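Order of writing sets the labels: A, B, C and D. Residues in every chain begin at 1.
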Amino acid sequence: MEEKCGVFGIKSRDQKPLAHTVYYGLYALQHRGQESAGIVVNHDREFYSHKDLGLVSEVFSQEILQKLPQGNIAIGHVRYGTTGGTLRANCQPIEVHHHKGNLALAHNGNLSNAQRLHKELEESGAIFHSTSDTEIIAYLITKHRLKEKSIEDAVSRTMGDIEGAYSLVITSPTKMIAVRDPSGFRPLCYGETESGDHVIASETCALYAVGAKWVKDLEPGEMLVFDEKGVTSRREYCGRLPKHICIFEYIYFARPDSRIEGISVHGARLKLGALLASASPVDADIVIGVPDSGLDAALGYSHESGIPYGIGLVKNKYIGRTFIAPSQENRVDKVRIKLSPVRSEIEGKSVVLIDDSIVRGTTMSRIVGMLREAGAKEVHVKSSAPPFLHPCYYGTDIDSEENLIACHYSEEEICKKLGADSLSYLPISALSRITGGDDFCAACFDGCYPVSHCTVPMTDPSAPIT
Amino acid sequence: MEEKCGVFGIKSRDQKPLAHTVYYGLYALQHRGQESAGIVVNHDREFYSHKDLGLVSEVFSQEILQKLPQGNIAIGHVRYGTTGGTLRANCQPIEVHHHKGNLALAHNGNLSNAQRLHKELEESGAIFHSTSDTEIIAYLITKHRLKEKSIEDAVSRTMGDIEGAYSLVITSPTKMIAVRDPSGFRPLCYGETESGDHVIASETCALYAVGAKWVKDLEPGEMLVFDEKGVTSRREYCGRLPKHICIFEYIYFARPDSRIEGISVHGARLKLGALLASASPVDADIVIGVPDSGLDAALGYSHESGIPYGIGLVKNKYIGRTFIAPSQENRVDKVRIKLSPVRSEIEGKSVVLIDDSIVRGTTMSRIVGMLREAGAKEVHVKSSAPPFLHPCYYGTDIDSEENLIACHYSEEEICKKLGADSLSYLPISALSRITGGDDFCAACFDGCYPVSHCTVPMTDPSAPIT
Amino acid sequence: MEEKCGVFGIKSRDQKPLAHTVYYGLYALQHRGQESAGIVVNHDREFYSHKDLGLVSEVFSQEILQKLPQGNIAIGHVRYGTTGGTLRANCQPIEVHHHKGNLALAHNGNLSNAQRLHKELEESGAIFHSTSDTEIIAYLITKHRLKEKSIEDAVSRTMGDIEGAYSLVITSPTKMIAVRDPSGFRPLCYGETESGDHVIASETCALYAVGAKWVKDLEPGEMLVFDEKGVTSRREYCGRLPKHICIFEYIYFARPDSRIEGISVHGARLKLGALLASASPVDADIVIGVPDSGLDAALGYSHESGIPYGIGLVKNKYIGRTFIAPSQENRVDKVRIKLSPVRSEIEGKSVVLIDDSIVRGTTMSRIVGMLREAGAKEVHVKSSAPPFLHPCYYGTDIDSEENLIACHYSEEEICKKLGADSLSYLPISALSRITGGDDFCAACFDGCYPVSHCTVPMTDPSAPIT
Amino acid sequence: MEEKCGVFGIKSRDQKPLAHTVYYGLYALQHRGQESAGIVVNHDREFYSHKDLGLVSEVFSQEILQKLPQGNIAIGHVRYGTTGGTLRANCQPIEVHHHKGNLALAHNGNLSNAQRLHKELEESGAIFHSTSDTEIIAYLITKHRLKEKSIEDAVSRTMGDIEGAYSLVITSPTKMIAVRDPSGFRPLCYGETESGDHVIASETCALYAVGAKWVKDLEPGEMLVFDEKGVTSRREYCGRLPKHICIFEYIYFARPDSRIEGISVHGARLKLGALLASASPVDADIVIGVPDSGLDAALGYSHESGIPYGIGLVKNKYIGRTFIAPSQENRVDKVRIKLSPVRSEIEGKSVVLIDDSIVRGTTMSRIVGMLREAGAKEVHVKSSAPPFLHPCYYGTDIDSEENLIACHYSEEEICKKLGADSLSYLPISALSRITGGDDFCAACFDGCYPVSHCTVPMTDPSAPIT
């Protein structure tokens, strides 16, 4: 199952040290996935790759980067770590050896008909080495490639087979291909560097990092083919389905300096904060955000409400993957190590505390406690997302329903559990103010799934080879 | 030569997994030093240690932490990385085997008479294994220990020999000792946990992280001795010299949620921003800080000036020690990867841009360029510190004079080099508003060195064994 | 392409820490492959594995072994390192997820019709992740599994498709299956432990290492199926082809304490030495072997000729994979570091120098030089194998023809190049004395290939994805 | 406490990549110490070093070697791993920073008055960072250096202070100095390369490995000083004490291809085997040695007795430091994995089994069992060393008395414990046949300690800082 991920690709006319460029692009997309990272360089039709579990900084050393040859196409991927399946075999980009031409693919998204396709392919003799949707896509492209006369035709045929969320970057021996699914669930944008290199990335922040200028977002259903002649847009799947960009990209997932569909993510979050202020005003002395994800909305709330914005919580920026969580025996609280209150900002004040969302509520409850301990008179908790009530089948790793606090308790009960003086969520109705329409998917909040899906997870039968 | 560092110690009545507690304390002090980390556990008079180059997260794995035994005293250290001398031999705490009793020391600061002491000790036959001041202190304590009847008397005698900045945590076979130099250059505080464990730390944020309550800051010249009877304060060096806390701890070095000498660091930075606003007002649309060090002052500037506070720059939080900086060949700009502007906040606006200080000016010049590129109408650069003009001899790693831009150019010239519309620094005279007196050291700004020092570096003669 | 490898498998009635047993078995087979190692544990139908590039000692740490769960089947593999293709993807055992039941395979050998099968499978839509024959076998088993009613039937059908050399150990969810090809190119034996566990291994030395008693060698074409009922022998391919055990297993490849087809490998080598003494007698003072591979034949030569056996060369036993070979600049000779003469044994003597074979002749020429330098009066070189003249297509990594010295020079010329006083090889005709018949393959010496093969390497078209 | 170790040094007229040469020299000396390895390069009076725990191959990578600069002196050390004290701080060469000139030392041996010196130095204020004798020597040289006018005078004065076994290689800013103790306990030899570089090594095998010709062994008490003028021999300590080369160097410790005091080590072992055959003849079918240490003596026994030499045991050459020993649970026998019998050589035969010595007897008892299992009719165990009865104080790591089987049981009882048909040791009286006189130390066998020593271990008081 594919989850939140980031993809990046670059095509240049000449052989260049593109692995380095992809490395910097992936650094900019690291927030989209911390489980694994990988780069494939296409050097004169031969592919050279490195991928492993870990952050970009852990997977790539100077030595490893330098061993990758120059090339004129290179693609990369960062993968989000979900509980359990951290398989090295799932690292992307996936590579396929084939006498019709090799192929490497990086994928962000989640196919909603993966299970059926997987079963059909196995029935026809296919062997799967990973549990990822990406391998299904690779199989389908390969199958169609045997009959179609070009790789882009094979990709197009594959788009007819697969359903759900997918943003893809592919390198064939001579072409780079970028694809966004017809619903446009996941973002994907295209830019150009001064020297004329073509760049594809999940978010505009990665274009910026490598010195590329944004040209356009891929339209839902669009395929861009980059070859020696330049860029070709294939649009046979454009308009087939209504657009449904994932609203949670704006709320939490994307980086604030990115623009998605022309809308600034930071701007969207300011607006969420402002909408929250209008929807649930409260009388308070200071507005603070939970760093880093709640800061933008907190500032928006402050602007709209006139309540001063403060820096009331400090985050320890050194806590990463290898942090050893305290055990019971240590009597040390993990949340206190990660976050600590600025007493001088909090003491004796009525505080509005904003985070992007409330999932299990455990961390938020600890934070409220810390603020009280630091002398807060009142703590009013605000979530810049509506309550999570439904699972996501399109590539966002929302916690399972049994852990979603909003599935089990009323707002009042949750407020009590958090120890807060009040609790409010952004109303679902306010979401349309972000994109200015209903062209988004908010299934995790409202349960309206724009594309059919299967609720039985595919991994059950073929199971935990770890 | 010792540089910016963090020290931590804990003493408990019973044998406990104190290595874990020190680990969490060092995590909270990681901002004070990223070159090396170390922990020594005193288990029933025997010392067990682990220390190495790297971040706390890199030096300590679960396995390593678990191999350290329980103990009733444990001390730790994080060390700042200066260019060049990243020697494993310099990792702290330093350990001394001796038939009069073993000793382990962690030190933050810089002796100003190190050179003379080093030479005298060598003349008497001493061998040095490291280039650190800490080894000098260890030698002196050992020498005095041969004649004095207690370890604390030996430490006291040593305080009579050494000059400059030092905050020390020491474990002998049965005691934990904490010492702050008579000028009080570096902070050092004492707290207690609910279960009655005594904790010493460079900053209060580390007390908080391990669940300890602040009891007091050590007074300049004070020694605290923790043994089976409890705590004893020895004050023979208190009041010998006027207090001179390093003002740069408030401006930049300490964590904003810490309190030093009862003053909130975040609060001090808000005040610096406000003072800057009064001293050099400007007409602008938005105030933004360079993350993370300029954010607090930017907010203070906004409060004072009434100009709205904005989040105009996003920092890539994944860039760490192992980041591979781009070479010329890649045509990628390192600053663009680390920081990127939020165009929607900047475009068409007159921007006040605040950072804690300006050292070489190279990064600031790149940031000004990025803001212009993002559409800023005007960029007014403000530094919440006065210009750096003098080297520090008391343990802060200010760049060498030849690199300090303020040593070579006028404010006007620097403004031009930065490409800014205006440039202003905090006036030196404003610094006394932070502590409310002249009990601080601002030698790096005003050249007034409160304790004599030698300007020829000690490392010249004994030289680069690397 | 599969090369010299070792396979191991164990099935127990109960859940046991079988990963450890496989670990010890692979240690005993390490001489058969040093490039990669892997273990798959079947824990109640779920597979848990670890495999990576490196020696068994490098791939498996205590921590990794302990993370592998107990199981009632476990299989393992060591893989030989050929120049070039050290791909992590080629590590074995190979694992296949499939709704009809998972599968893991370890393979020793080389299919001679791999190319054709690979192409056919690709034409039907298959994707290959590795360049190994093993993946072809996995595909075929999977394909047949869809139609056959048992896994053993699917394996049997697969045996009808593949040609060449293969010794396989397979685990399905409930069964362990061992297969030896109808020509019996590679050895494979079956043993039992005292507690009744069934063990499969490439060589008897691995049975011994894990405390198992040898029961039988698998017959050429035999399949052993181990399930809850016990062992079943399937013999539908037995006798289909004449037996052709690789003679080089006796000469060099197997460990001297192993028995293959009931013949002691050490005994075979003593005999090779004795045959060499009869075929090419020489008057000399001492017989020495090149350690370790020439020692057994040298002793046999001594016994037959009556010339005293000596220890004339000492091998540095610490030189392994990570040894940094000297560059030109160092003026140090790699052979001198690996081997050095015992002057007191050599000086003033006429020496018979025996090695198992002569491939390029470069090392041998250096050794002859070292012996002369150490004072040898005469050096008579003897090879206990005939000259290498032909490539191997059945899984032994003989150097390419262009490097085989015997393909380009006469014996006399080679003798001169080696700087020896005389040179003799074992006559091909003597080989039948080892097995007592012509039931062996000696294609690398005589060019008689018992099974058809294709000389164009499969890897050319699908190429170097590295 | 120093144990069995190897030292190496090289001085060249010009700057060269000497670190590589030392690397190859240490590879040749690896058998003398596997715990740690280190190299110090003297580049134009500045020292650059790398040292760590592990084998030479583990401590030095290509990257690390290349980072060490060229130099005109370089020294190296390998250290033997004793139980317990594997401290990184004990890695050698030791380096001393001092304004009179830096110093690096590599030491093989064991001071017998270390305890007293250590105490005296501590009383005068010295701090010890390691538990090694080498640091004592470094202190003494430094102390004397303050008064003497040259480094060689300071070393000479130090030789007057220290007692016991020491072979030293030292680099000062401009000189390389080699020293052998007046008793000559440990070997040390001097050679030259073709290009005129001077080389010092523990054994001649290391000279050979780097292409140097043996010039001479240092005489007991001799100091060689290498400077820009060439070599100077200082002999003020020569002849002060009778020579006492450690006899165990010949029996076991040195490499068979080395020559010590002009005597071939392999030749000495052949003679030990022959002496054993004369002293305790037995009627048998075959003589086999325990690989690798018993092979030379077994061949000598065969030559003298006329009983054929056989290869009856095969050693697994891949078992190294990281081998995970089997636990009880695995029911696998560690000795079976390390060694296995060649049944065809053993079955039905009366076997003479030779090893260099018998320490605890546990392995030997397992080997006898394996031979019986393999069908041996009789097993006659012979040790080419006399029984170990006394501890060594001069640098050989003999097991503690409580573990020495010969201290607790009669020969008859031991024979029974081993399960052997007979047992014989080399008579002590035969040892003088090796060197042709009584100029050796055999204290571990006969209890005659040529230099006084203290039996209370130094490490007790200053204790386990680990």
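Here is the rule we go by: contacts are C-beta pairs under 8 Å (C-beta built on N, C-alpha and C of every residue); 3 or more make two chains touch, one makes a residue touch a chain.
It should be emphasised that the depicted structure is a prediction, and the values quoted were computed from it without experimental measurement.
The chains that touch both chain C and chain D are none; no such chain exists.
The fewest steps needed to get from chain A to chain D, moving only between touching chains, is 2. Using mean Cα coordinates as chain centres, the one most removed from chain C is B. As a whole-number value, the distance joining the C-alpha centres of chain A and chain B reads 36 Å.
Between chain B and chain C, the centres computed from C-alpha atoms are 60 Å apart. Averaged C-alpha coordinates put the centre of chain B at 48 Å from the centre of chain D.
For chain B, the set of residues touching two or more other chains is empty. According to the touch criterion at the top of this document, the contacting chain pairs are A-B, A-C, B-D, C-D. For chain C in complex with chain A, the residues that touch the partner chain are 46-49, 95-100, 102, 119, 122-129, 131, 135, 138-139, 142-143, 146, 461-466.
Those residues of chain A lying in contact with chain B across their complex are 17, 20-21, 23-24, 27-28, 30-31, 55-58, 60-62, 65, 193, 195, 205, 208-211, 255-257, 259, 264, 266-267, 292, 295-296, 299, 303, 308-311, 314, 316-320, 322-324, 326-327, 329-333, 336-337, 340-345.
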